[in-house]
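The following pair of complexes shares a single chain, subunit A, combined with subunit B in the former and subunit C in the latter.
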Partner chain A sequence: MPDTQALVNDFLNKLKKRKIEGSQATARQTAELLRSVISQQRVPYTNQAGALIDAVKAIGEQLIAANPVELAVGNIVRRVLHIIREEDLSLTTAAIGGLNLSAVSDDENDDDRDGDSTLSAAAVAAAARSTLRPPSLQTLLEDTPVSAAVPQTSSSGGDSEGKTADKSSRSRKLKHDVIEAVNELIQDIVTCHEQIAEQAVEHIHQNEVILTLGSSRTVLEFLFAAKEKKRSFRVFVAEGAPRYQGHLLAKELVARGLQTTLITDSAVFAMISRVNMVIVGAHAVMANGGVIAPVGMNLVALAAQKHAVPFVVLAGSHKLCPLYPHNPEVLLNELRSPSELLDFGEFSDCMDFGSGSGSPLLHVVNPAFDYVPPKLVSLFITDAGGHNPSYMYRLIADYYSADDLVVQRRATAGN
Partner chain B sequence: MDSRRSSRAVIDPKVRQVGFFTSAPLPPDRTQSDPPDPIRSPPLADASSPGNSLSPVMIPPPRHPSDSLLRLPHSPSDAFPPPSPTTTTTSLGDFSDDVTAASSPPPAAARVRGRGSSVKQQGAASSFPGGGFEVPPSVKAPSSVPASGLTTVSVVKLPPGISVEVQSDRALNSKPLKEKTSKAERRAIQEAQRAAKAAAKAEGIKTPAVTALANAKSAKSTKPSPQRNDSAVVVAASEKKGGDRSVEKDRKKDVPHPRMQYDDKSRVQKLKKRSVVKPTEARNRVELFRHLPQYEHGTQLPVLQSKFFQLDTLHPAVYKVGLQYLSGDICGGNARCIAMLQAFQEAIRDYSTPPAKTLSRDLTAKISSYVSFLIDCRPLSVSMGNAIRFLKSQIAKIPISLSESEAKATLHSDIERFINEKIILADRVIVKHAVTKIRDGDVLLTYGSSSAVEMILQHAHELGKQFRVVIVDSRPKHEGKLLLRRLVRKGLSCTYTHINAISYIMHEVTRVFLGASSVLSNGTVYSRVGTACVAMVAYGFHIPVLVCCEAYKFHERVQLDSICSNELGDPDSISKVPGREDINHLDGWDKSENLQLLNLIYDATPSDYVSLIITDYGMIPPTSVPVIVREYGRGQLWI
Partner chain C sequence: MGAQKKRAAAAAAAARVSEDPDDLARQPLQAILLADSFTTKFRPITLERPKVLLPLVNVPMINYTLAWLEAAGVAEVFVFCCAHSKQVIDYLENSEWFSQPNFTVKTIESHNIISAGDALRLIYEQNVIHGDFVLISGDTVSNMSLTQALQEHKERKKKDNNAVMTMIIKKSKPSPITRQSRLGTDELFMAIDPNTKQLLYYEDKADHSKGTICLDKMLLAENPSISLHNDKQDCYIDICSPEVLSLFTDNFDYQHLRRHFVKGLLLDDIMGYKIFTHEIHSSYAARIDNYRSYDIVSKDIIQRWTYPYVPDVKFCGNRATKLERRGICFTAFNSEIEQSRSAQVGSFTVIGYGTKIGSNSKISDSVIGEGCTIGSNVLIEGSYIWDNVIIEDGCELRHVIVCDGVIMKAGAVLKPGVVLSFKVVIGERFVVPAYSKVSLLQQPTVHDSDEELEYADNSSGTVEFSSIQGTADQSNGEMTSESSEAHKPKLGTGGVGYIWSICEGGQEEEWRHSVAPIPEDKLTELSEAMDDDQELVTQDRTALSTSGELISDSNASEGDDNEDSKDDSVYFEKEVEATFLRAVEENVKVDHVILEVNSLRLSYNMTSADCAGAVFYSMMKLAIKTPHSSASELQQNTANIITTWQKLLKSYLLEIDEEIEIILKFEEMCLESAKEFSPLFARILHILYDKDILQEDAILRWADEKEGADESDKVFVRQSEKFIQWLREASEEED
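Then we have the complex of A and B:
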């Protein structure tokens, strides 16, 4: 499929060169790319789901490697994988109908679902059921024989005769359903602002003073939604050096008639004592409730905590990352160009100073992101409502399947 | 009486116990307060010398030959400061006993001794750090006896152990009460002291009785205040040379004036009438800061330049400094203060008293007009305010008998001395202290550009210490760039970043050195905006925050937030990002009604974030700032 490959390469390049700004755009484009990948993917007669998953994983792996810091890419890849599994599961359950579930799992192998091309949909469904389904009493009861049966089954001899009849119709159906679901996902990503903004009136009251840092479309929509509901409030915008996105936000807010005060980042501590609420956007939300956010956010969060000001993070569901961070300040960060801070021309005489060893005396550090630990966050507002930081792991579990947390194909399946 | 006298030997050591309430006989904290001057005398030796036991000084003065010499010629009323309220029931005899225990700030002695010894006193002052700072811990000691002052005399007879405690109570009690006297009380004191002066002229012996009477009155009115009165009267009575007026002024200055509030229409109108520069109000004023001047920037300079020849009342040197403030050529607390003082020096040199006017009055008015001009150019910093206060008190102190040229020479040398001792020498002492806190392998973080911190870093580098510097900078001034350039030139290894990245860079930092525009009496550090952020993050990372500030920048004002009093810079510098043409979102938007641009200059760092304040009196915790302000800051020791 040359045209898909071209699309993928193009997107990879953009990611590598950091041409795509903002996690929403990235998420949308990733989803669109995966959608075309799925639609182009030739599905084998058997085990369509496995083939699709393999294809998506192969591309997802490249995408994630292209920009490991942009967690939205990984999130979307995982969500598409999850969608495939879900759709397959629902199809299988529909197809199997009244079949005895324990009998199905008996002649399927659970072990090879990752890479084996003969992997059957039913096996995936059975395995997925244990991880995906909400733990209702019925599924708990149903699943008991499945998990017990997994280690003893060994035959991978393809599908049972009963199912081959409706195979062809099912394969087309699966792909169709998956593409439908991915379309829904894209729709969700596009409209997540509205869904978050709908909740604004519940959180912003009259005469409130709100502080925000940098610029986030979600925050803008959120504030504007409250404004539309005839709430009048004031907004302090910290400009968010070195990108100065705050200027953009201030301009937008003023254009929409909000009382806006632009302050420098250094004045955050001074002003926060007069602020009722801090509302910020995020780059990504980790499973532990920590937030990867534009640089400077930790400062704001600390100041807010000191003055007991609620620190509210708005995040669309595409920003929810199922991973737990380790040393995120360093590992989930990237350093941007020093020229944003220091003019090369101005400091060229200092740059080449060598102290004997030849190492330069001058270093410029310009990180792009900040990590806000969960204890500093008061509330997350996602398109699925408001949540505590401690609840994020559960919310995230709804969107992803546990098998996809590591998007990496087995070495055997690599080619 | 005599029995008490004989018990002196027992009481004497108490003197030191009063000041440094540590049961251990060790002199306090030598390691920290490493005084630079050789005249430093251990407090112990000083206090126990019988010649000095008469002095009501809590922190003993230096033992110097000139001390005793100078003390001798004074009249008895000088040598015997008026008694504490306790003496209302006793006679003069045990009064001297009481004096040994009475606590009063060193200024008393300083004033009595007059000009001649002032320099030595100065030296002594800087040799006291350890002593002064030892007081706060003992504040925790029981001070529950509110009227302990009244019982002291009788307690003195008891075994030393007990009496020591009570006396220290007195000393401690007197401290916080000092600031709390009501107007009526102060009035009573002044009257009493005036009466005392008259009486002293007639016969010195009667003095104590009169003041004692007054004291008894005030002691009745407010119960816990007798100690305060007692020390106050001591100061007052011993200040005869200074003259009455200055005393009154000093007293009034105890409570800082409320600042000018710019939302007070009538006062703003009055101010405008007087001012040379007529600033235009900024268009979109920030609502929260109505009480601060918010004027259009960049308009005053041309106006002033055009008015140069009309401003004949203004000395050119002052005019020049004002313009430099306005254009931002001179910034930084020390630089501004020195520039102002030097301008005043020149102005005083060229000054001649108009006929039928006295120098002290006319010159004070003149200086005031200069100051209001400088305020028009840029609001005063605390350091400048303190310097002006000092200068005015020096002018007021000039005896009428002095000829004009002599007076001018005195003032000139006074200013010179202020610059040297309070700023230049103080910085050197701070550097000496701070360098001990830098170890090899340290990563030192500093914010903005502080002259003191820069000196520290350079000195440590010259000493061959191996360390790295992280310079954190912020918009809109980017003062850190200049510091970065200077340090890199000197060969220091530097990392440069902006304030938002502070949480990222703080991981590798081991110490934070900050400068300050002022340290307020509740320990709040008033400094360049962003300092609080840096200190907060450092605190969060458990990294020590060391604030370097000369003691002349301390102020008895208190402040809890950065809003009640601050300075606003040019809002236009917020909307424009120099060197980044792509950031032009706000072009044309600054005229919108809804957009306000806030350019704060200072912020207040809460004292909990500050581990240590390095000052010329030593290294102190922020809780000890009021002690410094009280003991050294009130102008008495400045000469």
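Then we have the complex of A and C:
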């Protein structure tokens, strides 16, 4: 599959050279790439899911290594792996169910699945569902199980074709289902802003003062949605040095007729007592509920805590990372060019290493991200609703399989 | 961001032959990369490896250039290889650059090319360049976005067909002491039209000894405003129209891109070709021209000015490195290094894959390559150590470059500025003197400091090298053993290699371009030399001032006046003193002296108060110079001189202001130049009063003025308090 390889290389290149900005764009492109990888992948007769998982893992490993700081890539790779596992499982249960109904043998089919045939089909289905997919709180609460919806469609498909026990169609079926599910995932990523924004009215009340830092598309849409529902409120925007994206946000807010106040980052503490709620975007949300966010966010979170102002983080589900942060200030950080901070030409004489001891006396450090520990976060609003930081592990269990936390091929694969 | 995305989209569209008419008109951007600098500044290293393959923070330089070209949306690059072309081509073939989508790299090889001009003529003959192209040499590091510069270039070209080139410049202040930029190149003077950004003047070899630069009068006459800069750095990135190549062909004597081509175009007013500049602000661009710029650019890369081309970003198949926090700064580490617990690795250090560091070694501000072995108690500071180097226990390296395969025996010391070429062995406890260059190859004997012969010299160097290389390869073992015997004393016991003698003329200048920082004593020496030339420099300050805009003549001359008046008063005082002394010696009549001083006053445009001050100063100077043994004798001398010359002094004391000026002058003298007078202040004041030189009004006014002054200023008022008191009473009595 030369064209997939070219696509992968192209994307790898972009990731390596930091040409893609923003986790949403990265997530979407990763999902699209993996979709084409899956559709190009030839599946063997046996163990199709395994083949797909291996293929996705192989590419996922490269993608993650290309830009380890952009966690969205890893998240999407894991999501896709989870989808494959889910689809495989539901297909198996459906097939077994189908076999049960028709009471036709075709035992090899079950032999492929490691030792499933020895158990009663119904028991397998039940066991598989209970072990591999713990019922999510979400599904229990909403009473419209996502998991139930998928097998239904697949089993209905299985009724028409599967009864003939056509193996080739089954192999195509898995791929087809997986691609369908990945499409849904892409759709989710694309529409995550709207889904989060829908909840805006529940959180923003009349005459409130909202503070935000830097610029986040999610926050922008969230505020717009509240504005459209005729809520009147004011927004304080901290400019978000050194990239000053807050300026752009202020511009857009004003264009939509929102009362906006622009402040410097250092004025946050002075202004926080007048603020009713802090609403910010995030770069990634870790498994412990900690947040990787643009630099300066920890300061805002601490100020909010000091004045007991709710600190609300908006994050699409693609930003949910199943990993726990270890030394996030360094390892999950990106040091950008110092030119964002100061003008090279003006300071060129401070960096003349030709005189003095020869070692630079002026160090300019420009980290891109901050880590906000979970205890400072009051609420997460994702496309699946609002959650406490302590609830994150549940969401992660919904979205990811425990087997995929480490995306690495087995020992057979070299580098 | 928007621009970046647009550019990426445009590049992709161009490659796929988009149907969009706008994109069809835009040809894929081409670039010429000169993989040879046509100079000898990196010798002896470049005798064995081409400059573009030298590792810069563990990545061969050419990768930075190619990665940037690719990111900037260039679709096709022609790499021109000359010296060591085989090595360059081999390297590129094994690299990933040949397999990139939307980015083609083609090599052009030639061996008998001795200058950039020749290279461009050859490329013109091959007829491969179809549209605008980027001209860059393979030792340039940049992260700028070409979009804007390219667009400006195209728009100008549309309006004016003669706008053939856009030069990228960046602000960077030169050091006022060494007269060189931070990259170690000479201070560069450019005259740029501030409105159109047209380059009008380019001089990188200004004569600093005179401290002047010459601008053509026509330049000022023809342009309504020009701004003269010495704080711009030439990035050696040019966006050229295809005409540039034909220009090189037409003018077959153009060799050097700047010295001949740019200056040639600027002087040539028949064809009217124009060069424009584009200044970059937030992005980075620099060319590695000499060892100093190698050092500086390495540090810039480690400090991340070149982001995303930094050690922990994999931009060209380099191995993964991680950043680790050391204190407040960051150090790039490879995941697989062996480091002793007691070894100290400081900030801003990059350590390559598979390197071992022994106990108690200290490393700071350095770059260490792959597979090096560093013993214990080694000190490495500000140094560049390439791959597979073995440094035994107790060595000291400060600000040096150590190439691949070097072995340093225990206790060897490298002084600042040393360059060790490939596979040199330094003997035990041997101290390599500062700025020396050591190589396995002997120094080529032909060496001429003449600039023009540099190219010819270079070509002979490459030919010569190939022969040497041949023998070296065949009989590497023999040769090393041979040379170690023959040159045992030179590099200590077991040392292998030749210390190159520093070529004549270059001796003094060696510190300018080396990796080591400029030594303190050189700096003080230079700044002292500068102080001697202070007068010259102050006079020229208007001409040299940073980016001063010379809009109109009157403006400039006004500035001159201010500067001059300060100098003039000093000159004037000296002249008056000389006149006065001569008058004393030769017994010139007082009237004549008055005449002479008056003429001086006219020529320097001074007030009579200045004259009075100067004359009085001269008189007191004379008094103090006359031999005396005690204070009373000095007082007597002063009284004599004042009596003799009172007429001269009185002729300038027209009003009370001048008298006050004299008192102030006297006070100043007592404080500074002639402290002997200070105890006598009141008495001499009295003498002056007695001789009717000073009137009581003047003294009282002076006393009143001093009333509000600082305590330190009041010393002399206190001293003469009685006298003043007496004067006050006297005046009251009169009333």
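In this section, the second predicted complex is superposed on the first by the 340 of 415 C-alpha atoms of A that agree within 3 Å, B and C clash if a C-alpha of one lies under 4 Å from a C-alpha of the other, contacts with A are read in each partner's own complex, and residues count from 1 in each chain.
Heads up, the rule we're going with is that contacts are C-beta pairs under 8 Å (C-beta built on N, C-alpha and C of every residue); 3 or more make two chains touch, one makes a residue touch a chain.
Bear in mind that the values here come from a model prediction, so they are computed numbers and not experimental data.
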item	value
Fit or clash - subunit C, subunit B, common subunit A	fit
Superposed model, subunit A: greater residue contact from subunit B or subunit C	B
Partner chain(s) touched by A:S232 [first = subunit B, second = subunit C, both, neither]	neither
Subunit B versus subunit C as contact partner of A:D343, first or second or both or neither	both
Contacts of A:S90 with subunit B and subunit C, given as first, second, both or neither	neither
First (subunit B), second (subunit C), both or neither touched by A:T191	neither
Touched partner set for A:Q259, first subunit B, second subunit C, both or neither	first
Which superposed partner A:H363 touches (first subunit B, second subunit C, both, neither)	both
Partner chain(s) touched by A:A66 [first = subunit B, second = subunit C, both, neither]	second
First (subunit B), second (subunit C), both or neither touched by A:S390	neither
Contacts of A:K16 with subunit B and subunit C, given as first, second, both or neither	second
Overlay on chain A, subunit C to subunit B nearest C-alpha distance, Å	5
Overlap of subunit C and subunit B interfaces on subunit A (superposed complexes)	329-330, 340, 343, 346, 353, 355, 363-366
Of subunit B, residues touching subunit A in the complex	286, 288, 473-476, 481, 484-485, 488-489, 491-505, 507, 528-530, 532-533, 536-537, 540, 561-563, 566, 574-575, 577, 579-580, 583, 585-586, 589, 592, 594-600, 603-604
Subunit A-touching residues of subunit C, taken from the complex the two chains share	1, 4, 8, 67, 71, 100-101, 143, 170-173, 175, 177-178, 180, 182, 184, 231, 281-284, 292, 295-296, 299-300, 303-308, 310, 312-315, 320, 322-325, 328-330, 347-348, 364-365, 381-382, 399, 516-518, 523
Complex interface listing, subunit A residues touching subunit C	6, 9-10, 13-14, 16-19, 21, 65-66, 329-331, 335-340, 343-346, 348-349, 351-360, 363-366
Footprint of subunit B on subunit A - complex, ascending	236, 239-242, 244, 247-248, 250-251, 253-254, 257-271, 273-274, 295-296, 298-299, 302-303, 306, 329-330, 333, 340-343, 346-347, 350, 353, 355, 361-367, 370-371
